[in-house]
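Heads up, the next two complexes both have chain A, just with different partners, chain B and then chain C.
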Partner chain A sequence: MKSLLAALAFTTALTAPGLALARPVTLTTTLTNYGGGGAYLALYVTDAKGTYKGSLWMAGKKTKYYKHMIDWHRATGGNAAEVNGITGASVGAGRTLEITLDLADALFDAGYTLHIDAAVEDMRESPSEITVPLTTSGAGKAVRGRRYISTFQYGL
Partner chain B sequence: MRSTTLALLVTSTALTAVTGLPAQSAMPSLADATLGALSALNADHPKPQPFILVSDDEEDDDDEEDHEDDDEDEGQGGLRHQAPAATVTPPANGLFGNGTPPQVKVN
Partner chain C sequence: MIRTLHRWPGLLALALFLVLSVSGAVLSVFPAIEHLSAPQAESGLSVADLASRIQATHPGVEQIKRAPSGRITAFWFDQDQPGAAVIDPATGQDVASADPDPVARWLTTLHRSLFLDDSGRIAMAAGAAAMLMMTLSGTALVARRAGGWRRWFAPMHGPLSGRVHVEIARFAVTGLLLSSATALWMTASTFDLLPDGGATLAIPSEVSGETGAPLARMTALAETPVAALRELSFPYAGDATDVFTLTTDRGTGYIDQGTGAVLAWADLTGWERVSETIYMLHTGQGAATLGLVLGLMALGVPAMGVTGLLIWWTGRRARPRLRNNAAPGRAETILLVGSEGGSTWGFAATLHAALTKAGQRVHAAPMSGFAPDSYTRAERIIVLAATYGDGDAPASAKGFLDRLAARERAPDAALAVLGFGDRSFPSYCAFAQAVSEAARARGWSELLPMDTIDRQSPQDFARWGRSLGQVLGFELVLAHQPVVPATTTLTLVSRRDHGAEVQAPTAILRFALPRATLWQRLLGSGFARFSAGDLIGILPEGSPLPRLYSLASAHHDGFVEIVVRKHPGGLCSGQLVTLEPGATVTAFLRRNPGFHAARGRTPLILIGAGTGIGPLAGFVRGNARGRPIQLFFGIRDKASDFLYETELTDWLAEGRLTQLVTATSRTERPHYVQDALRAEARQVAQAIAQGARIMVCGGREMAAGVTAALAEILAPIGLTPAILKAEGRYVEDVY
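The block that comes next holds the complex of A and B.
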């Protein structure tokens, strides 16, 4: 019996940190009524040195347009594998994109920055239209965009 | 002067007649060629064939490329189609946990 309890405690101790390593985070992006077609949005993260760490989401499925997400493309070389499994449809003007992701706790309060590159067909590209530090205190606070994005916020 | 000119004219006419007429008769005329071709065609069709108006419409829809299928392009990473959300696990870039798959909603 004692050995069973010990085994249970041991496995719980091993599992508990893993459960606490990530949490669901909702990223909400509302677009302006810019009067064009669906916007492509690349959401990705850089570290404190500005080095690309990885992508969180790609709104837009046609890889030939990925070059218009200028900063993301520069960081990734346009590698579509970076957004494999995290790709959805482009987002229409005036619409709100709400994504819920299971994100690592280590992303918050550690100097990471979330970027959003935006592009619309026949309109100007907008690299890093949103740049927002990932902090627990910044959760729920709306950030304004420059061109296509009205507001962005993340909720923990 | 006048007799000399007359002699030259007769000579040149005679030369033309001697050399030109056999050559011309040896050449099949365009009309003969056309008739020959039609005869060859009709050889397979004993009955007279009606004339058919052949359209000169240059439009040929079969050759037009379908530009709507833009999804067929290949990404620079060599991936032909990136998997949509929730169909495969997100990239192992250290940003994602192992919990719920991505959920997306557009309002």
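The block that comes next holds the complex of A and C.
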């Protein structure tokens, strides 16, 4: 659905390793029928120490609701500039968000973890609903979420 | 100008208004239901106690939320399964599902964005802005119509749709103002146009690193009552660096999970408080009763939409196209029209056509376009002026008087002023009167004395046309039919004749009630439902002009009754008084709500002479519950034209009529109905002081005499006929 050719997508932290090598990666997030309005999703990466390195995508455009992506909000201080140019619409219950990004090779098999925070209006926030290590071997394997996200997988 | 601001946003946004108001009204019920159904915490219960109770039931509790309704919801994670429920704070046990109500959610989405996301939100915000404009312009119009802010709740007169529109508006306006203004604030907040985002509180970097302090020992939780709680988030299980997050009605803070110490705290900003209050006012969440009141007021919108549309449509239909309208510089006759709803334009068009047919060049224009310098060939200027509210200029006459006053001298062309109005208004034709007086003061030569047309009467207009024709030197026939109504055939069943001996042949004509169609019965239109005091228009043979008569019966009497006196040379009355049972007439019904007896126990003082007894007799006949009614009845000769004599005697005996006073004019000492009133002055004044309502029906001279007599009678108790008229306690049906 969403396709993005995105060296743009790289915030400073992610591009810092500076290696020119990158490959297109498709991130597929399928939501459950949780019976609420559109979900806000924040996709971001932390390093081996759990330090925030950068954001990949923000589904949901109203910055005033970003504080409900609790872990992302804590990591970034709620700085909306972190997702400047990489935001899209919120995702309805039962729908799938598919985004394709050019990710640096250096991100894989180097201890980086991809997180997804989710939030839905009038329902409970779900920080780090998905935490999945970025490895070449993990590609194509579906990970289950616990509240709003049915499955998530990344394909190389 | 204000009317334009009221009309166009109203018509354009009507569909949006309907969606907004109906969905809003339904949504207003939910907070009240939630408030009633949610188990409430006992007063004084602390957040620490509540959290402990919930933790006992759900060890994996992650978050506790308290809605403004008092409903407590807990979210937990047990055995890798997320769970949520509404909690009874007294026990910590689950009582209901925490899933949001799908109906409320659907309606909320419809209400704020029409399921169109941001573009829908913008559309609905535009609807709210239009609504705000409607309430402001509407408020100004109501005040103008009522005759000032202090008379905001004064009784209204005029056609039904206009009255219903204003009656609802007067009560709903506060709610609509509040709802639309708060809606705009909320939209601005949603689109981040307001600095109400609140302070961001950084996660404390220094934590104790310990875990497992008992909830009861955390001071902040123990000291916060549940009533102040918004939300309590627990730290992640097994993460010693995480903290408790507590949000109350004062602000947000972090609590160390090992020591219970408050690590950081941020109060709500002023902007946040304002936004929260506005959210509460708009949604009723936290103010359920206010929400219900606002919802009820929102339900006025569909009714105002329909009546508003009717007002606009009737005004539009009444405004005709003018054929061959001459340029101002070429016309011999200038017609200046001061119209509010458009009906006066209809009369202007009839006059325009008749004068044009007689070979005149005529220019018609709104009074506000008064430009005498351009009327180079004008021989006469005719002003047709309605009145708005308490003597104000109607929409199309704004600025006329100022322009006239600013001129050095009055135009040379002679002036005729014709006022249009409704005698049930206290300031009948007051604007036309003001124009006439201003013209006289400037020394403007007069073509015809000022005259008036009551309730769009075609007869009045035709009569005035004849006077105008005499001055102009040719016959001028003005046959004006405002709106062609659907007619019904009525069959005469009986007649009673009076008055031949006093040269006033008068008949009480009783027609069979026509069979109403199902549609008429459902809508109560046509002859399916009518009251004494309503009018019927009868189309005489040989004329398209209907004649109006007051009804002496109501539909539940089972017949249609009128009282008709033969006028010398009168076409319609001549035909009616010779009508034999079995013969038919073509008629239509016209409501006259300003002259109904109305339900209730309010005492009535009925005053009438001659055929004016008709509706008054109808009121008495319908008075089965025996409210006090006093009837003053002026007749010529008891032996000849004492209409309804037998019935009135019976009604007195049955208690439908309390007192009957007759005044006879054809005697040695002529006695008129106003004389009878004066004779009973004390008693009449007392009854009026106690709230009695006066209803007058009959000829103009009699009505003027009655007003003069009442002015004398009322003076000692500090009242005037004008005050009573303004209160709707003195109504007239005069012809």
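FYI, the second predicted complex is superposed on the first by the 136 of 156 C-alpha atoms of A that agree within 3 Å, B and C clash if a C-alpha of one lies under 4 Å from a C-alpha of the other, contacts with A are read in each partner's own complex, and residues count from 1 in each chain.
Assume a residue touches a chain if its C-beta (ideal position, glycine included) is under 8 Å from a C-beta of that chain, and two chains touch if they have at least 3 such contacts.
These numbers were taken from a predicted model, which means no experiment stands behind them.
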When the two structures are overlaid on chain A, which partner does A:M69 contact: first (chain B), second (chain C), both, or neither? neither
Just to be sure I read the superposition right, which of the two partners does A:V91 touch: chain B = first, chain C = second, or both, or neither? first
Looking at the overlay, does A:G77 come into contact with chain B only (first), chain C only (second), both, or neither? both
On the A-aligned overlay, A:L21 touches which partner chain: chain B = first, chain C = second, or both, or neither? first
Touch test for A:L134: chain B only (first), chain C only (second), both, or neither? neither
Could you tell me if A:L103 is touching chain B, chain C, both of them or neither one (first, second, both, neither)? first
For chain A, which side has the bigger count of touched residues, chain B or chain C? B
Is A:L114 in contact with chain B, with chain C, with both, or with neither (first, second, both, neither)? neither
Does the superposition put A:A42 against chain B (first), chain C (second), both, or neither? neither
After superposition on the shared chain, which partner residues are touched by A:I149: those of chain B (first), chain C (second), both, or neither? neither
Could you give the residue numbers on chain A that contact chain B in one complex and chain C in the other? 61-64, 67, 77-78, 89
Listed in rising order, the residues of chain A that touch chain B in the complex are 18, 21-24, 45, 53-58, 61-64, 66-67, 76-89, 91-92, 95-104, 106-107
Can you check the complex and tell me which residues of chain C touch chain A? 62-63, 65, 75, 77, 80-82, 84, 99-100, 102, 105, 109, 117-118, 189-192, 197, 200, 202-203, 233
Listed in rising order, the residues of chain B that touch chain A in the complex are 70-71, 73-77, 79, 82-91, 93-107
Seen from chain A, its contact residues with chain C in the complex are 35-37, 61-64, 67, 70, 74, 77-78, 89, 122-125, 146-147
